[in-house]
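Down below is the structure, laid out as structure tokens.
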Amino acid sequence: MVFSVAVAGASGYAGGELLRLLAAHPDFEVRTVTAHSNSGQRLVDVQPHLRSLSHLVLGDTDATALSGHDVVFLALPHGASGALTAELPASTLVVDCGADHRLESEADWAAFYGGDYFGAWAYGVPELPVDGGRQRDRLVGARRIAAPGCNASTVALALAPGILAGVIEATDIVAVLAVGPSGAGKSLKVPNLAAEILGSANPYAVGGTHRHIPEIQQSLRWAGAVAPTVSFTPVIVPMSRGILATSTARLVPGTSAAAVRAAWESAYADEPFVHLLPSGQFPRTADVLGANTALIGLAIDEAAGRVITVTAVDNLVKGTAGAAIQSANIALGLPETRGLSTNGVAP
Amino acid sequence: MVFSVAVAGASGYAGGELLRLLAAHPDFEVRTVTAHSNSGQRLVDVQPHLRSLSHLVLGDTDATALSGHDVVFLALPHGASGALTAELPASTLVVDCGADHRLESEADWAAFYGGDYFGAWAYGVPELPVDGGRQRDRLVGARRIAAPGCNASTVALALAPGILAGVIEATDIVAVLAVGPSGAGKSLKVPNLAAEILGSANPYAVGGTHRHIPEIQQSLRWAGAVAPTVSFTPVIVPMSRGILATSTARLVPGTSAAAVRAAWESAYADEPFVHLLPSGQFPRTADVLGANTALIGLAIDEAAGRVITVTAVDNLVKGTAGAAIQSANIALGLPETRGLSTNGVAP
Amino acid sequence: MVFSVAVAGASGYAGGELLRLLAAHPDFEVRTVTAHSNSGQRLVDVQPHLRSLSHLVLGDTDATALSGHDVVFLALPHGASGALTAELPASTLVVDCGADHRLESEADWAAFYGGDYFGAWAYGVPELPVDGGRQRDRLVGARRIAAPGCNASTVALALAPGILAGVIEATDIVAVLAVGPSGAGKSLKVPNLAAEILGSANPYAVGGTHRHIPEIQQSLRWAGAVAPTVSFTPVIVPMSRGILATSTARLVPGTSAAAVRAAWESAYADEPFVHLLPSGQFPRTADVLGANTALIGLAIDEAAGRVITVTAVDNLVKGTAGAAIQSANIALGLPETRGLSTNGVAP
Amino acid sequence: MVFSVAVAGASGYAGGELLRLLAAHPDFEVRTVTAHSNSGQRLVDVQPHLRSLSHLVLGDTDATALSGHDVVFLALPHGASGALTAELPASTLVVDCGADHRLESEADWAAFYGGDYFGAWAYGVPELPVDGGRQRDRLVGARRIAAPGCNASTVALALAPGILAGVIEATDIVAVLAVGPSGAGKSLKVPNLAAEILGSANPYAVGGTHRHIPEIQQSLRWAGAVAPTVSFTPVIVPMSRGILATSTARLVPGTSAAAVRAAWESAYADEPFVHLLPSGQFPRTADVLGANTALIGLAIDEAAGRVITVTAVDNLVKGTAGAAIQSANIALGLPETRGLSTNGVAP
């Protein structure tokens, strides 16, 4: 069976990546693509790398255009999907790549986003723990899925095993991320210009203001943390895509090195897309470029009393579009790995 | 008066940067440049950006070639300067850009470097506290100066004011740095190849193994810390030069935001090369490219209980060659700012 | 049927790209990977992006290891494959990604490469004209195939249609290419270091010395040129992979704009991997990153009397490994497009 | 004597570079900086790399603000300076970094720019030939100067010596340039976003449409060409600044290699800022980053019948702001090299 698919927000970076992955997926057929200002153009004129989809033309983003498909992927600005999805049939699988349905806490939503709150959907990071199982348990048969924030899911994947196993403390987590500017989308602002970013490392949202912080805390609570605190600093570096997250937490006193490594090993031993690297190895973002893989390197700094994790993901794949498709696979009863590659494009 | 200068290791990146800065210095005249495998070549054939020094030819690096100058700058591999400087007159100002004379603790040297230990010299970061004053007090009239490690001095400048003022804790410091590959020199290894670094963020020395850790701790002890602990992770990103250090420390409970900011303001209010940015502003490495400036942005993350500093330096200037010349200015009784620019080359 | 495959030179960039593509190919199974200095290591420790091949271990490159497979891909330094392939059975399909078997003229070989000459094999650019047909005619059933030089095939694809149709002159062709450093392989030389290439554009082989010049001329002669002359200048720019070739030729006087465009349209209308862009559009290398696609933009500069083509390819895919697999598909009777994507990874 | 200076357009890239250079110039003092939408802000908040000018505040750009200075530098969008300068005293030295006063031919202006034509001023590339002498002859005592287009002056400097000496043909010139995106200014368009340019080479203005073409032709006519034709293709590559121009022309038949080299040697032997590299050497843009230097490499491709020049300049320095200041030095009777460096910031 082939599932018919619509993608809203097809002219942006997340939308483009959804389409690149969907084009290689044997069970999905993209029938409808929609956009805002680019409506009416050929998709390939806006996304010139999507050669195999040159037959598609961008339409307007509205419920009429999106209805009548088995699956609808939304890659819209924050705040845009809530009202729209209310008009789509409950039987349609809707996967939202925006933030609108990620947070279970309306207070968190109000504090970090604001505007109307539309409630939380099943969270599209299948490997993360919840309710004594994994998020994938909630995704089976789901018809509403919230794809994760790229930075948030990266830090959560990095640290959840240690929280779950009780080998790291959930207070005083410190995460610093090197991120590519594609995460900011096609937003026309001076700090996003090439001349501003080439040859430079540029921090933003310093000091506890980044919107992904409550999402990280939510995932760590699902893993068992009571009141996690996270210092989170993203730094934009001159690579188009990729996240390299250095996520550290205090080692629970008295924990052996073997127990630490065992926590991550047991969490991800059977995961197709999240790989713990051998001791002494650490990942590069190039290793996961274009892939749905998260690679995690793990070290214990005894002198500093911290566990150090370094995690590489492609923000547009495992961080967004790949997570969305992986979750859709689960929801629809397809093999979880269908249509998704673990191999990066390097160098 | 013009001081005659020799530069050893003139074919490398640190040596090249020393020469670029010295060429613009009104009181220094470079008379001798030496190298190892490039000896015999015209300097400009090896360093084609140094057009104004095209009259210089590289000689061999030995005491004979270096003797007879007022100032000798050494930009040699770690371990190479100790024996060499023993042969130079005590009256010659020798500034070593290598690690050989940075650490006061022989145990630290043995643990992180190894080989013969040659003792510590005056430390070339004039703005850092020591003995109730600043390092510049020790540099006045000095004839042996150790230029700092670029990563170490960046983190030390970022956090020393908070330690000195007692507003941050010295244990459980966490620093993650985005660094350019010029810090690795011209070392011919696969991880330094352009194809490995372009488009990727690559961590190294993860987990407490980096050689700059004891140097950071030493500076923090000078600032008053008793037993500082530092989790330190450098990440190579695709920019030729620059360090962006996110250095965080626990806020001492009960400290006001005003007291925190006052600590940094009082430390650097009169410093020509270390600038605290206004509240809410954070630096980019492009802002200090080619300049002897360290820019520090400061935030308090109340929820996380941490003070966050983000500091930008050019690893080859304020991190190495600029620090060396600033320190030489002090040692020779010249104005400290002579020949050094605060303005970066951006974009 | 699944064809068993061996890849020699699996630790390099071309070898890695062959493996990335082969891992996604439904009819090939990689059973053997060999290397030189990395022999004995796990493949994934040397090529950490190839997660799906983590079961493979690198062996030594010799005829014994490579024998017994249906297909052998060679990604070895120039001069290394000639003797080796002589030991492989004639029935084995051997695809050489090196230069050893590209040139039909022993004089060209001697002038630009030197050393033993091993003769030319079927040339792995199926779309190029030869003998009134296409190179793919020669590839059907072939058991010895020379994958092209990446720069050479890019320029040849750009200009062959105009030569074939007689609308451009074959003398005084001028091609200038922006190329990524992965084309130079993992060669440990100072000009290949990241610090040398980041933030800079660096020319090399200026003035008619590049080894791909005779290969371009050979392709243009196949297209009908009598004595083509080519000014060829490659410029390394800070992107890990990609070629953007601006290839220009004099317009044959009296030729209409329609005739020019028709020449390229008729040449590539049915080609799955070589696409002529609509008038006024020009390609970017990002559009073909990771894809087996060549995108060609075409303009006529009436005032200058030249036809301008701008062509984007991924040097490691359509320029090397993708061309090798596309050619192997043809040789083995598989659909030519099997296992190869036309969609780039952008942004 | 210190000349008082105003800079209009101080918030842009060209304006920022003027200020960086002026801050290091011993005879100029910047008293006024103006902008459009950033008026009212501190200069250093918009140009955070200009630390030494942190006392300046941006005002509105109008004749009142600019009057009363010895020198006014304009870094405004094309078309904005014509009316403004009419209001400034004739005795004020006005240097325009826009295109408004570069072209002597009103027809060229109409064809490539359009809008009101304001006439040509002395052309700010002192080294170029005109009237049997150099442009610097016209700049002595001038009070209206047009700084050049960065691409145009680079190609003109590359080829004028060969035209002047009669060793290359002026018809069928082909120039392809790798350029950094800072040349496009802070224009908020999708193609200027970092995610579009990182990891990619992007052509623009292909096929004879670029506005710098008539400016190149004008310079070549000044050098003696009758009816020069130029195929000109710029390619944006991922470096913040820099131009690497591969400019080629047909060798006049029968010309010796010695005569070719002599043409360039005699043209630039005494020039402080334009250097011909030794035979076999070619420049990189890193070698001139931040410097007012143009480096030219020269080769003869006998087989192709062309002279190949490869020229590196910093588009913001020798291409714009440095040329403006060099020209102002001449106009005011200062040493031509005052305040300008020949040394690049590399790596």
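So that you can tell them apart, the chains are marked A, B, C and D in the order they are listed, and the count of residues begins at 1 in each.
We take it that a contact is a pair of C-beta atoms (placed from the backbone, for glycine too) under 8 Å apart; a residue touches a chain by one contact, two chains touch by 3 or more.
If you're wondering where the values come from, they're calculated on a predicted model, not measured in any experiment.
The chains in contact with subunit A and with subunit B alike are C, D. Chain pair with the larger contact count among C-D and B-C is C-D, by C-beta pairs in contact. Of all residue numbers that take part in the contact between subunit A and subunit D, over half occur on both sides, making this a same-residue interface. Chain centres here are Cα means. That of subunit C falls 38 Å from that of subunit D. With centres taken as mean Cα positions, subunit C sits 45 Å from subunit B. Contact of a single residue of subunit D with at least two other chains is seen at positions 13, 182, 195-196, 198-200, 238-241, 283-284, 286-287, 289, 346-347. Of all residues in subunit B, those touching subunit A in their complex are 172-174, 176, 178, 195-196, 198-204, 206-208, 213, 229-233, 235, 237-240, 242, 244, 246, 248, 250, 282-287, 289, 297, 299-306, 308, 310, 312, 346-347. Of all residues in subunit D, only 13, 180-182, 184, 186, 188-190, 192-200, 238-241 touch subunit A in the complex they form. Of all residues in subunit B, only 13, 16, 20, 23-24, 45, 47-53, 182, 198-199, 240-241, 275, 277, 281, 283-284, 286-291, 293, 295, 341-347 touch subunit D in the complex they form.
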